[in-house]
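Across the two complexes that follow, chain A remains constant while its partner is chain B and subsequently chain C.
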Partner chain A sequence: MQTLGNFKLPNFFNYPPYFTLQPVRDTREKQVQLWKELILDYCRTQKIFVIALDEEFPLFSNPVIESIAGSLNHEARQAFLSALVSEGRAEWMHKGHRKCLILWHRIQDWADSIVQFVKDNGLEDTVMTVEEIRSGVESRGTELHGIDRTILMRALKLLENKGKLVIFKGSSADDEGIKFSL
Partner chain B sequence: MNRRPGIGGLQAAAAARDQYRLLGASVAKRRTDLMKEQLVTFRSQLEDFARKHRNDIRKNPTFRAQFHEMCAKVGVDPLASNKGFWAELLGIGDFYYELGVQIVEICLAARPHNGGLINLQELCNLLGQKRKTAREAVSEDDCLQAISKLKVLGSGFEVISVGKKKLVRSVPTELNKDHNEILEVAQGQGYVTVEEVQRRLSWSAGRATDALETLLEASSCQSIEGLAMIDEGHRDGKCHYWFPCISSISSYVGS
Partner chain C sequence: MGCTWCEISQLESLELYFSIHYNIDRQLRSNFTFHHCFDQIPQMSTRWLPAAQLTASGRPVFILGEVESSLLSGVDIEPDDQYPNLSPLKSGILILTTHRLIWISDSSSAFAIPLSAVTHIFSPKKSIKAMFASPRIRIQVLVSPQNGCLDEKGSKSMVITIVVRGKTDPEAFLGKLWEAWRGRAWETLKEESSSSTSTDEGSSRSGIRTRSAVVGVAGILRKEQEMWESTDKSLQDAFQDLNALMDKAKEMVMLAEKMRQKLLSGPSTQGTGTNDEEIGSKQEMQDWMLSVGIASPVTKESAGALYHQQLSRQLADFVKIPLEKAGGMISLIDIYCVFNRARGTELISPEDLLQACSIWEKIDVPVMLRKFDSGVMVIQNKSYSDEEVLARINALVLKPDSLRSGISASDAAMALGIAPAMAKEHLLTAESKGLLCRDISPDGFRFYVNLFGEILTEDIYLVKDYGTYGTWISAVLASR
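On to the complex of A and B.
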């Protein structure tokens, strides 16, 4: 089985037609389904949060295949990512559909793990910065470590709306503080 | 016999006829008895044989195939009924029913990918993976036996030959001669191009394109997905028609 780093690729990855968006509806649905699972799996294990459509992405080409660079064309990439977007497992970051936020955990799930993280570390009623959550000592070894900032902010906003914390401008311009009140 | 006149002659003739009839009946009876005896002997021999080689029959696919062949020659179908001594003796009926169920499962799981046609060899491999725990080897012959038993369900399970390969069909569709020939051509590399079909089969471009498009859409037969997938990204700039049913790459299905 072919691997990409430590990631085991599924067998269909070596089958050339899977790199061409299929014209027949039923076949295409199956194809899109397989790609969706692959993209989510890969991003989860590799901790990838953003896929840019026009940039190199390891999954979108297979050097083993003797196709034109064995790679997905723009239309196919967009189709697979759009399918994820329509399922709430991804979001376009701009109107131009050039970058896509991959939500292998939904925002709600991220919010839940933040709450869990706060409880595990006894941080209720304390103040942290956003950066501390992303790269602080406390979050090391948890899924929150290294989380994409956009996703983290979305999850924090969700919790703020529920009254579980307050986000406020911190002393430095580019970092915000969080006051938990669980 | 000369006919003699008089009542005595008639009586003698009638007596002779009776004698002949009796003799005939006893000969026939003796023959039947002999036949019955032989059948009993044969059956007990076959039973002995089956009992003696029970493990071989269950474990060794080649031996099992030969045993089936032998049974077929003498007109015995060990699978005809799940009751009866064969089933008790060998558990062989259950074996094939189990296999049959697993074959149906595999075919259904693979259908979205291969359009309902699967290479017998690959089916066998998948069956082997599925039965890892069972430890008994499963041969292609076993698959064929099990599939032949599935026919009574009328579900359209059938084995078709395309070139050297055997394909198992799990959808009630008809492949016409053109489609068969294309699949045969595709066996070499797993795919064909319109040009290749034209060249190898001396068809017109229109005929090749039509047949390939039909395989792609499988629109001639309702309710099934396409048998072909296309790869438009190849360096040669031609559209490649791939057939998942003949290339073993589809072994990921069900995993």
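On to the complex of A and C.
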């Protein structure tokens, strides 16, 4: 079985038409579904949160396919990522549609993750910085470790709206503090 | 009271009638009164002209050397009042050729008046009545005395009136009718067969020559005479050359027709006697024959307003052979080339071709025009089905090589025996039906069998045991 890093690639990754945007509607729908699935799986296992359209993304090309149809063109990448966005599993980061935030966990799932993390570590009624949540000692070995900052903030804001915590400006200019009050 | 068909009195005809038709069935008997000639059944009272053969698309079948020259629409043909039992032919197309006047009705029956049976063409009447009525052309033809049926060897004559109710110009037609009648094209064959016998007689007579005076005034006059005669003769010879050329051309076309008939009727040779050369040259011959196909093209001059309709019918006839050669489907561009080549002169424009094809919808012909999504237009038999080609493509695309690297339009063209442009259309059709998937690379389009149907989104690693997906995987692995 082929791998990309430590990610197991499915057989159809070597099927040349997989890398050409199919014009026939039913075929295209199936192709899009398979790409969505593959992108989410890959990002989850490799902890990738952002895909930039202009940059090389290893999943989007297959060196094994010699005819060099083995690389998704710009239009195809747009199509698959837009499909993810429509499904709510991704978001365009700004109007230009150049960078895509991949939500292989939905924001709600991340929020639940944070709540679980707080409970597991007995951090209720304490204060932490955002950075500590991401890269602190407690976060090691959890999903939260290395989480994209934008996503983390969104999850925290969601929890703030539910009254589970409060976000406030911290001592240093670029780090905010969180007071949990689950 | 006499026979309704001829003047023979009742008594006579009854006897004859019963003596010949003793056993004729009751229904027939009740249908007519006392005619003694077996062929003359009243239902046949329309059959006073010989029938003319039509092709499958409603065009007349021409005899050897017959060339169409003009066409009128909305024509009635009325027989003489002398023969009240003959019913007129109503509302058809009248085609003038070098040999006949052919009348074709809408309901695809056709009759012909051989020009050899015409004894006189009347000048059009100039009267006030004639100005307001539909134009009429009157001709006198030879008929059989018993029943008024047209007969080249008949002893009586009858006047036939051709009533022109359509919009086409009868004067031009009349002019051409005179030309054709005077041309006596039907006699050349007879001439040729009879001239061969007369030359034998002539050569024996030419032995003796009389000596003529070469001195004095008589001599000068003689010389003048001779010079005049020799000029006349060389002029004649020159025209002979032209005639000879035209005859040769006619011969060539006849030869081509004969060979074409031979090739068409000869089945693919079986048995051990054939060698490859023979077959190869036969193929060449066939190709060459195709380009010498049409001896009597429909032209704007000959058909006028009905040009497109007649062209459409001629095209439908012509297209049968190239269609078969090309496997049931041929592109419009190819037909344009081949058809024009066969016509030789009087080429048709692309618009004419397109219009002729679109008329096919309205008339009953076995071919049709088809436009693909990509815009490519083809001609195909109405009986043609995509299914067969799609099945062959399916088989092709499941071969190990095709599984590994797909097929291009030229691969398909070679395997299916059709033109690459047609092959591409078929591949695109197969793709739109979900049979194939495309792969675009700098080399161009390649098509693979569609595997997407077999892959599950819920489990992207699953490979079913007996599917094409599995076969594909094995084929790909085998090449590594």
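One rule holds for everything that comes next: the second predicted complex is superposed on the first by the 181 of 182 C-alpha atoms of A that agree within 3 Å, B and C clash if a C-alpha of one lies under 4 Å from a C-alpha of the other, contacts with A are read in each partner's own complex, and residues count from 1 in each chain.
Just so it is clear, contacts are C-beta pairs under 8 Å (C-beta built on N, C-alpha and C of every residue); 3 or more make two chains touch, one makes a residue touch a chain.
Quick caveat: nothing in here was measured; it's all calculated off a predicted structure.
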{"item": "Three-chain arrangement built on chain A, chain B and chain C clash or fit", "value": "clash"}
{"item": "First (chain B), second (chain C), both or neither touched by A:Leu182", "value": "neither"}
{"item": "Contacts of A:Lys30 with chain B and chain C, given as first, second, both or neither", "value": "both"}
{"item": "Chain B versus chain C as contact partner of A:Ala52, first or second or both or neither", "value": "neither"}
{"item": "Partner chain(s) touched by A:Thr20 [first = chain B, second = chain C, both, neither]", "value": "both"}
{"item": "Which of chain B and chain C A:Leu38 touches, first, second, both or neither", "value": "second"}
{"item": "First, second, both or neither for A:Lys8, with chain B first and chain C second", "value": "second"}
{"item": "Shared chain A surface residues [contacts with chain B and with chain C]", "value": "10-12, 14-17, 19-20, 22-24, 26-27, 30-31, 67-69"}
{"item": "In the complex with chain A, residue positions of chain C that touch it", "value": "405-406, 431-432, 434, 437-443, 446, 448, 450-453, 455, 457, 460-461, 463, 469, 472-473, 476"}
{"item": "Chain A - residues contacting chain C, complex", "value": "8, 10-12, 14-17, 19-20, 22-24, 26-27, 30-31, 33-34, 37-38, 41, 67-69"}
{"item": "List of chain A residues in touch with chain B within their complex", "value": "10-12, 14-20, 22-24, 26-27, 30-31, 66-71, 73"}
{"item": "For the chain B and chain A complex, residues of the former touching the latter", "value": "112-113, 191, 216-218, 225-226, 229-235, 240, 242, 244, 247, 249-252"}
